[in-house]
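Below are two complexes that have subunit A in common, paired first with subunit B and then with subunit C.
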Partner chain A sequence: MSTEIKSPLPGVFYRKPSPESAPFKKDGDTVAADDVIGLVEVMKSFHEVKAGVAGSNIRFSVDDADAVMAGQVIAEVEA
Partner chain B sequence: MTLRSVLIANRGEIAVRIIRAAKALGLRTVLAHSIADKESLAAQLADETVEIGPPAAKKSYLNIEAVVNAAKASEVDAVHPGYGFLAENAEFADAVSAAGIVFVGPSAEAIRLLGDKVMARQVAALAGVPTVPGSDGRVTDLDEAIAIAARIGFPVMIKAAAGGGGRGIRIVGDAEEFARQFPQASSEAAAAFGDGGLYIEKVIERARHVEVQILGDGDNVVHCYERECSLQRRRQKVWEEAPAVGLPDDVRQRLCASAVALGRAVGYSGAGTVEYLYDDATNEFYFIEVNTRIQVEHPVTEMITGIDLVQEMLKIAGGAKLSVTQDDVRIQGHAIECRINAEDPHKNFMPAPGTIERLVVPEGEGIRFDTLLFEGYAVPPFYDSLLGKLILRGETRADCLARLREALDGLVITGIPTTIPLHAALARDASVADGRTHTRFLEPWLESDFAQLARAREDA
Partner chain C sequence: MTIKVLHPGLSTTVQDLGRPGYFHLGIPVGGAMDRLALRAANLLVGNDEGAACLEAVFIGPQLEFTAPARIAVTGAEMPIKLDGVEQPGWTALEVKAGQVLSFDYLKSGARIIIAVSGGIDVPLALGSRSTYPIGALGGFKGRAIAAGDELPVGAASSSKAGLSVRDALRRKPGHPAELRVLPGLYWHRILPESQASFFADQWKVAPEADRMGYRFRGGQALKFVEREQPFGAGSDPSNIVDSCYPYGSIQVPGGKEPIILHRDAVSGGGYFMVGTVISADMDLIGQLQPNMPTRFVEIDMDGALAARADRKALLQKIREALA
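What follows is the complex of A and B.
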């Protein structure tokens, strides 16, 4: 069954810890509940987004540096 | 020439402030804004608006080409950069000038010179302004750097030459830590500012932050006395006052004269601020940096001197000479500014954008509220959290604090959490009332006094 991972905050979603780095997770990766899958920048401060659920085959529905709303689905995993 | 029109290359409360000042002078106002700020108060107040790009500042407010193109397309005489974004970017000032448009601020050369913290230190020292003990300039060699640090005494600060505004600073306590941090600081500065240059300064413990407002027209420079901004969290100012608390008059005269000397040394034009650390145990002050723009906390100076700094900037940019002489500038009373941010002070200052449900602003003599808010406005998550600045003037500091307490109780913002409760607590704090504060006062105070107040509130 697929489970949605939602952004806890509104802001700009980043898939990489810094512009030069590799993404936290690639499409298809397996994640643990505590894994960081991205960052949300809100009002110039950065907040980690954790998967919150263990699962496989993660698929992101937003791109790096896309604007997101609080509660918007940012990825899905098979849990 | 007298300016007839100005493009505002900024957003938020300062865009509103500049539009009002420009309109008071009869100028046509054009606001350059991102898509996210289409419905902003500034966009409603401006005579015209130009969209310059998507919400992310990098693609709009920091996009030199987009801003300059907007200025050209709207055929304005001048561009006011506000603070932050491109305000201290010499390349932007050059691009505006190259388009035949007046940049409201000092010359690109002055921005470049004073923006390099190492060069600014040298200019200050040459003008006779005391600087914090430290390296004579940039330091690249680790052994040499350790020797300098040992000579001035730990703890020391490793600072990025291209940093500023509290960014690019590390405090280290001993030689071993220094050896570990120095190379890291260099690569971090290179990544953050495109310049890995470092310099070293002694840490002045328990210092107060004081800064002098200057105004120049290229020939003449005057000061508008000082402000104190010692209440800071994570090196960001939270509460500002003018004049500085408990500053002896002879020190005030020397401090302000040194800022004027520095301004004269570079032929300063426009509004600028010379920042210092002040040690109230020894009455010594030390130069930190110059900000070549209008500052967030400029209203406290306006409240005690009666000078409209933003109008003055626009007049100077239009070629006018200073409208005041040094003798005309007098301190009348005391002013305090509280920065009201969209942050929850009870949840570690977590930023909280969202929609404003209710807004009630206290009115009365000596009260000013510079804001971007209106009821129903959705505060976007893309920019800094400043919602407004509540500024109070009183005859004395005690009178000002009493008025401030009342005004804070009357200021209502609902829909999102704000830092109003923090200011209400500070305005009632005995140490604040006695002026017993310094730049490292607020953070421990939040852990102890403010946390205790919050627990008492929950218990009640």
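What follows is the complex of A and C.
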């Protein structure tokens, strides 16, 4: 069954810890509940978004540096 | 009684109506970003309008009540839960001892106000309980609340149960949000084409926006009138000889991204200001989330004063409805 991972807050979503780094997760990766899958930038700080669920074959629906709303689906995983 | 903080949210602070009177010494006015929401929340639970509440931005806290209390949540639209059961906003809620208040994802707006009968009873600092985190002043130990904190609550006065503020009396920004602006002392510093584009363009709230300043992007950069650099001013055309920054003033460093100074702003500096957001619209800014489309609308002093009177009349209607 596929489970949605949502952004807890509004801001700008980043898939990488820094512009030069590799993304936290690639489409198709397996994730653990505590894995960070991205960052949301708001009010001059960056907030980690954790998967919150263990699963496989993660698929992102938001691109790097896209604006996100609170509760918006960022990715789905097979849990 | 106390409120136990199980989860603090993103940045949840004790706020009241602020500490006006110290801005000339560099201490900002502080206080709730949406003061109408704070006044309404307090009236719902029988507090003085200016009692201290919790202000939470984007993410609600998780709080446990050690004794029965009457509470109200106003401001942004963010589903409210007591022991997991959804509750209405802008309404007095009865909380039993041991119950947990929590929130779902923010739907619209940016900040909620949580009022508790009796108010959050932290010590006064310069006449206010508002938290100014950068100055470690006021609020709960001068900082945002953290997991494990136990927030003191004052003695409740008796009030009516079941009060609610009807939808027509709640104020929220439109889409796009419109902020009315009175052009200021430095308006002549930009070219007529930039005076026009500032009001014609649609801007967007930048993710950096916070209690100190609300930054906007997306409009055309402002072009400046040529000048000889005055003694004491920086070399950028947006620099001025240092001046006072009013609450609500809009500075545009480099002519690029307007920043509206809000409750925790600095009180002076060397950037020109295009104008000032009128007092009646400052509360709306507190409810703008990142990426919100926003337009600046030109207004004159008579219009600004009429808007202020309208806002006072709205507050009076809320007072009468909850009396």
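What we mean here is this: the second predicted complex is superposed on the first by the 79 of 79 C-alpha atoms of A that agree within 3 Å, B and C clash if a C-alpha of one lies under 4 Å from a C-alpha of the other, contacts with A are read in each partner's own complex, and residues count from 1 in each chain.
Following the convention adopted for this analysis, a contact is a pair of C-beta atoms (placed from the backbone, for glycine too) under 8 Å apart; a residue touches a chain by one contact, two chains touch by 3 or more.
For clarity, every value in this text was computed on a predicted model and none was experimentally measured.
Once the two complexes are laid over each other on the shared chain, residue contacts for A:1 go to neither subunit B nor subunit C. In the superposed model, A:43 makes contact with both subunit B and subunit C. Counting residues of subunit A touched by each partner, subunit B versus subunit C, the larger count belongs to C. When the shared chain is aligned, subunit B comes close enough to touch A:65, but subunit C does not.
By the touch criterion defined above, A:12 reaches both subunit B and subunit C.
Counting contacts as defined above, subunit A residues 9-12, 42-44, 67 meet subunit B in one complex and subunit C in the other.
Looking at the complex, you find that subunit C touches subunit A at residues 10-11, 57-59, 104-107, 110, 207-210, 289-291. Subunit A makes touch with subunit B in their complex at residues 9-12, 42-45, 65, 67.
Looking at the complex, you find that subunit A touches subunit C at residues 6, 8-12, 41-44, 47, 67, 69-71. Put simply, subunit B touches subunit A in their complex at residues 55-56, 342-343, 351, 353-354, 381-385.
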